[in-house]
Amino acid sequence: MRTHLRSLLERPGVLRLAGAHNPLGAKIAEHVGFDGVWASGLEISASFGVPDASILSMTEFLDAARGMAESVAIPIVADCDTGFGNADNVQHMVRRYEAAGVSAVSIEDKCFPKTNSYLEGNHQLATIPDFCDRIIAAKSAQSTSYFMVIARVEALIVGRCISEAINRAHAYADAGADAILIHSKYPTWEEIKAFAKSWDSSRPLVVVPTTYGATHFSKFGELGVRIVIYANQGIRAAIKATTETLAEILSSGSCESVEQHIATLETVFELQGVAPYLHSPLLSASVDSHR
Amino acid sequence: MRTHLRSLLERPGVLRLAGAHNPLGAKIAEHVGFDGVWASGLEISASFGVPDASILSMTEFLDAARGMAESVAIPIVADCDTGFGNADNVQHMVRRYEAAGVSAVSIEDKCFPKTNSYLEGNHQLATIPDFCDRIIAAKSAQSTSYFMVIARVEALIVGRCISEAINRAHAYADAGADAILIHSKYPTWEEIKAFAKSWDSSRPLVVVPTTYGATHFSKFGELGVRIVIYANQGIRAAIKATTETLAEILSSGSCESVEQHIATLETVFELQGVAPYLHSPLLSASVDSHR
Amino acid sequence: MRTHLRSLLERPGVLRLAGAHNPLGAKIAEHVGFDGVWASGLEISASFGVPDASILSMTEFLDAARGMAESVAIPIVADCDTGFGNADNVQHMVRRYEAAGVSAVSIEDKCFPKTNSYLEGNHQLATIPDFCDRIIAAKSAQSTSYFMVIARVEALIVGRCISEAINRAHAYADAGADAILIHSKYPTWEEIKAFAKSWDSSRPLVVVPTTYGATHFSKFGELGVRIVIYANQGIRAAIKATTETLAEILSSGSCESVEQHIATLETVFELQGVAPYLHSPLLSASVDSHR
Amino acid sequence: MRTHLRSLLERPGVLRLAGAHNPLGAKIAEHVGFDGVWASGLEISASFGVPDASILSMTEFLDAARGMAESVAIPIVADCDTGFGNADNVQHMVRRYEAAGVSAVSIEDKCFPKTNSYLEGNHQLATIPDFCDRIIAAKSAQSTSYFMVIARVEALIVGRCISEAINRAHAYADAGADAILIHSKYPTWEEIKAFAKSWDSSRPLVVVPTTYGATHFSKFGELGVRIVIYANQGIRAAIKATTETLAEILSSGSCESVEQHIATLETVFELQGVAPYLHSPLLSASVDSHR
């Protein structure tokens, strides 16, 4: 049975989520002990070899998230960019993600099409009323009580001040957002700290320490943050290792030197879950009547 | 413009292909200098978190291969298991893979549903006439001259002798196969050597040195092998690195110690091909009439 | 909230299901008053323009069924051919269909790949133990109590006698099948009548009156049949009407003469459910604080 | 071999295209003699049971268009709404549609997300520079010479005057559009006539006579129109026929009265193309050596 994010938030402590782009990544995150999986827009876009700039459609993000939900028991939180359009798109999105077994969606207060927050570019913030419409639409579309809508505040990303970020977060909470993801690409956790100290609402805070990843997660917990998302380290590890391994095979002319640096086939088979399958010839042993 | 496998085979030398399961992996293989990509059934199944036992359907394998073909210029060779059924399925398969931009498909002489060759299990070889039907169907369904059908011989995998493998390979070549993949899970290259020395046909040989990967690829070339496929080392590197990185983040409580072992965000962006996109605001500079 | 087939079976009377191949067809079936939808393998294959001979994969059938489940509140019963392989494939299938919101799956006792029951061809019946394995696998894979597995008996289709059909149905019921679909392509309901009169089990019977469609459904009810599936009349109506309308537009040179024979745009919009969407600009009217 | 739209335009006369939403519809259009297929956004949205308001993503529209291209030899012209976002999205779109075998795409000068042109609503026209960017992006992304980009002018739909429509059409032609689709929902062809008489460019005109469908296509030809698209009559015929047939089955209690109004199973099988498949057992007759 799936555990949902809302249940995990009922107990004290900081939850840690790992980014993933396919069921395999979700299984690894679950296996090593993460509390949940972040179906990362950056990771999924990268796995398709396209920019994280609203190039992939909701369909591809949804299929990836559904595959993860079908593969692990820990909650899936889906990075849903801007909500893929306006409030109508958001309603459609929530119905589909909820049906896919996802525990929460995160939508950010930028305009479609968006650009990845870590890229220079023409980041366009949505107006507060426009984004509140999307939140209201999202909350009105969900059909279960556990499903959560996380509002992601991009104000700091585009260079706005802490007070605008706080103002927006309050508006989003009032519109019904179940949690606030305050996003920052500052090289230290100073922005997050300033924001968190000004945050006087009971809505839980979510952070994504990519540029300020050196901060220990317990520090975020002391600020009242409830969820810490390690959003893209998994795929970045995979890219480096795959690149180096393939390059080494080419340059050395064989697999001899890479063998010790890669998972065994047995590990691959274990992650694939070979065990529960492949037993069918035995199943019918006890059913012999009427033959 | 895409280069096809058949063109590469016209020049002398051994071609080396790397396994991949998504466009990102194909891009890495191309980037480090591989001659082509093997759209690996094991890798794709693993990425979906399911056993490599005909659990995924042709649709999922095809979508993965199409995405790779759309992302790189080097040829894609698709691992198509048994052909996904009988000769009718094979015809459908060839039409779809060819339309997807794939340069060659490989089908193996087992019965559907199959089990991964490296797993113990109830491997069932197809009869020679049955498998020849699939080859004939495949060749009759292609619409371009460059497309290739590779027949994969599993005789050695299931414990049959070299002479049966040779016999089968000849029958498949006579039925129209453009190349023969002789598969072995022997811990050294002895089986491959014995097979290659008995092979007196002009049809090129293909090998997959997973268990006998310590052999230098030039050794295979001396035997007359034209294509060497490093079928799963890429994902195995990714699995180990992702697992260790995520575990380290959990145990250390931050990203500090993993940062130096993972690709930078800039590397991710480069692989995503950010450059060709994101320039649109400039495009219209020269179009101002009629406004 | 979705009503499931099992709930409907708890009240007396005959349930009638209509075949469909997409959400639009499911909506029409619900709109005119059918009790449920049959996600028809023949209809879905036809909509893709390919033979109903295991050419489409589970993925395409599943996507179609999921779309229907997301579009209507009446139960979806999915035609799952042979189960798409062996017992391992069936387990995978049940997990995916159940997660997609489908209320029941039907699997038939033929071997993969199958051919449509109404086509001459090399229909190959599964052995009883083999098919019971698939049923056991299916039942062991479901996670909710409402989900149903319908075993479809093809013995009469391939020319076997009533007693073999009964024998098989009993074996399937003993293996756990929740209902028995007894299939016949006899031009009258005589075969069905003979089978039903010999059926002494409490497992409900399902029939598909395509060749014997002149029989009133209440007659089936008198035999103890609980579910009658009108499996393909919807798409057959669509094919005839679309063909005639398009031909008339070509020959007459305009739409004038066809206009009265086709649905209005307003009807199309109603079926698309325009109403619940497209209202977003009003949503935020009551949320103005913090702006 | 596929015929492309550009080839058909090289000979004189008016081309007629029929709307379709799946391969079956495309096959019917080809069978009755249409020159090409319009992969209609309205039809595809309707088949999924969702509003034609950018609710479906490019992925779903593309999959439908690819399926059609794989099923017929006549050209497919894809209705691509607004291009699914900005110029970056349009480049991605063109690459994918061209790879899918589509002969031309049509993009309209509205903002994403759009609303169907026949619905009242908040239709927002793009600025000319913005839309020219999309056209330039589209043309720069294509890789073959036959591929065409059709610019669809929505000025008349949103109540602008003929001269603005002409002005926009010229700007789009200058930006590289290969053809101009002038859209009108006026109940007669007066708007189209006025536009066509003012059109002094060599770029071919395209019209979609849904509301003014009573006009004979030769009249459009006399105005210099080269392509007439009957965009949605096919699905409207299907909806009416399916609804009436299913309702009749329910009310009459059997299929007796509908049987004569629906296509036979044989017709369904013919459209599925049963013939080319299902012959495999004979294929190997001539291959008996080495067994």
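By letter and in written order, the chains are A, B, C and D; residue numbering begins at 1 in each of them.
Keep in mind that, in the parts below, a residue touches a chain if its C-beta (ideal position, glycine included) is under 8 Å from a C-beta of that chain, and two chains touch if they have at least 3 such contacts.
Since this is a predicted model, take the numbers as computed values, not measurements.
Q: Count the C-beta contact pairs for B-C and for C-D, then tell me which is higher.
A: Of B-C and C-D, it is C-D that has more C-beta pairs in contact.
Q: So how far apart, in whole Å, are chain B and chain C when each is placed at the average of its C-alpha atoms?
A: From the centre of chain B to the centre of chain C is 37 Å.
Q: Between chain C and chain D, what is the gap in Å from one C-alpha centre to the other?
A: Roughly 30 Å, centre to centre.
Q: Using the touch definition from the top, which residues of chain D touch two or more other chains?
A: 50-51, 53, 55, 86, 88, 92, 277-278, 281, in rising order.
Q: So what shape is it, when you link every pair of chains that touch: line, ring, star, complete or other?
A: It is complete, because no pair of chains fails to touch.
Q: Show me the residue ranges of chain A that touch chain C in the complex, using the header's touch definition.
A: Chain A residues touching chain C: 1, 66, 69-70, 86-88, 91-92, 95-96, 99, 101, 128-130, 132-133, 136-137, 140, 167-168, 170-171, 174-175, 276-281, 283-284, 287-291.
Q: What does chain B use to touch chain A in their complex?
A: Answer in residue numbers: 16, 18, 22-29, 31-34, 42, 45-53, 55, 67, 71, 115-116, 118-119, 121-122, 209-210, 213-218, 230, 232-247, 249-250, 253-256, 258-259, 261-265, 267-269, 271-274, 277-278, 281.
Q: Spell out the part of chain D that touches chain A in their complex, as residue ranges.
A: My answer: residues 50-51, 53-55, 57-60, 84-86, 88-89, 92, 112-113.
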